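As structure tokens, here come the structures.
The same chain A turns up in both complexes below, where it pairs with chain B and then with chain C.
This part shows the complex of A and B:
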């Protein structure tokens, strides 16, 4: 698949580093990174990335609220949740907020690239 | 078994030896400054942490206390230990493993309040739970898609039924006139003409509705085959030159930046013909008599191999506000066909669906009063 410009959002610097490396290894470029929900919204508006990976638990504003805010202004944004929350309600809230994919940590290259592929096949054209 | 009694100075050694034998990571940290006061062997082996280091640096690589730290829940306002024990699951991004943590505060022998934490690795169990949660998310996504599709279908059905009722009841009325005894020949002639006109526009609407649902159903089953895109444009324009454009004395011009790739474009011929027909007929409908409609065709190699099609009219143009509603079914816009042609309100929605099914993009550039240009980008599969 084509190389995408990705915004990576996670409060943990280690996870950010790992996700960025993985995304680059599977052929994408890193548009930017953010460590809080609010920063994610600002970065999205400036960078206009083609894909966002979004953590849920973050200081300032959580990933679900940030997803809602981004989609309110950019309804076509493609956001994948990359999280450690597997509780039923969290999953439902994330999908209701408009996330197009949900991956639980630990995330390997295969899992991540498979999810990106799926999201693009399904939602990439609209 | 008899446990020999130990001298008090050796008791600490015994406990440390015992804690080092436990295969779970155990540490204790000073609640006032987050420094580690004790780590057992399992903890040292897993993280390399040593007493004196800050827990957040040693365990999580953070430069300040972790956002998820729950230590505050375990001490009272004076900083003294509370009774409760916290048990929760946590993912550690450093080693990519899941742990069940059990945490509690107590007084260390030197009087400091410390939090101790026992971490049991539970990755295998979590892997199963996580797969279930991901499957759940997948189902929730599918469900949302189906709900949206259903909403769109209901909307289409509702509007279509409404839009069909008026012409059909008019057809019924005029046909009754035809059957009345002693009706003037003039009235009969007028009624026949009305019936003919109304049945044609009703048929157009029905065809469009059928197209919308056919495209929805067939989205995954496009019949792609290599075709000569330039040739297709030439032949569709010829058809319009002989019919609609002729009636309005509109000249149709085609400009092609020739490229070998244009002669073998992998698309669904029937759907792309329909897309061309809808865009060209719209351009003619909304253009003043005697004006010009221009079609441009170009191949792009970068960023992705694609065909660009531009259809430019000299009609009234489309305001920025209306551009957003353009590709939505049954939107009534300010501009009307200039020679009383009919419009079903579905043409552009069909075009959008065809473009989407080909993973392409469509947009419009227009300044009110200065015509509109529809731009389609189709990736060459």
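This part shows the complex of A and C:
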């Protein structure tokens, strides 16, 4: 898989650092980071990344709403939820919002890499 | 939320079990003993660093993790072992470590109790430093568990309306 430009969204600065390091270690480039849902929308519009990793619980706007907003304007955006919530209804809501994948925290490199691969095999050429 | 609708002891045990697993599997920190305090508390005695979050939905509750100093330092070192942390970021990152643990553990545990079609949301975590105790409101119920490690204790408190 080619190196992707990734926007990483999470309200926790330590999780942002961990995700950025993992993504770089598996060969991707960090296009930018955001710590709120609104900031994620703004950053997406400016940076036009090839992939977004999106937390769900964030101040001002959650990741599900931010995903819906991004996809309204950029229907081909590839967004993977990276969250601690494994509740069935949360997964359903995330997929309904248009997220293409769902990774449960705590995140390891293998789990993240595998999900990115799956999402790109299924949606990457659309 | 009333206990008729929530098995509070079971929920507390699920949180303690998930935290035990997280400390062992992710951070190589062994819990030697877990002690439950299922009677009602009048006071919450806080340790060196405390994170709290609120859960809303099927469960309505505040949950706190309160760490001894040596333990949170050990947790922080293990959690950030592969990261570059600048000296001026260390204090913030230790606070964030505590919040991250709380957020991950509670997010994971909610999946085990959530009913079909119901969604429990959580607030972003808050971290308290230099606080000593919280006094229980007469309409609140408090139950707790202490997890003992070689570096000290982490206490879990669940607080919800009667």
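Here, the second predicted complex is superposed on the first by the 126 of 126 C-alpha atoms of A that agree within 3 Å, B and C clash if a C-alpha of one lies under 4 Å from a C-alpha of the other, contacts with A are read in each partner's own complex, and residues count from 1 in each chain.
Definition applied: contacts are C-beta pairs under 8 Å (C-beta built on N, C-alpha and C of every residue); 3 or more make two chains touch, one makes a residue touch a chain.
All of these numbers come straight from a predicted model, not from anything done at the bench.
When chain A is checked against chain B and against chain C, the one touching more of its residues turns out to be B.
With both structures placed on the common chain, the touch criterion links A:21 to chain C but leaves chain B unconnected. In the superposed model, A:100 makes contact with chain B only, not with chain C.
Once chain A of one complex is fitted onto chain A of the other, the partner contacts of A:89 are limited to chain C, with no touch recorded for chain B. Using the contact criterion defined above for the overlaid structures, shared-chain residue A:2 touches chain B, although it does not reach chain C. 11-15, 18, 57-59, 84, 86-88, 104-106 are the residues of chain A that lie in the contact sets of both chain B and chain C, per the superposition on chain A.
Those residues of chain C whose C-beta lies close enough to touch chain A in the complex are 22, 26, 79-80, 82-83, 85, 92-93, 96-97, 99-100, 103-108, 110-111, 114, 116-124. Note for the complex: chain A touches chain B at residues 2, 11-15, 18, 57-59, 81, 84, 86-88, 91-92, 94-96, 100-106, 124-126. Here chain B touches chain A in the complex through residues 60-62, 67-68, 90-91, 93-94, 96-98, 123, 126, 129-130, 132-134, 136-138, 140-141, 144, 303-304, 355-361, going by the rule given at the top. For chain A in complex with chain C, the residues that touch the partner chain are 11-15, 17-18, 21, 57-59, 62, 83-90, 93, 104-106.
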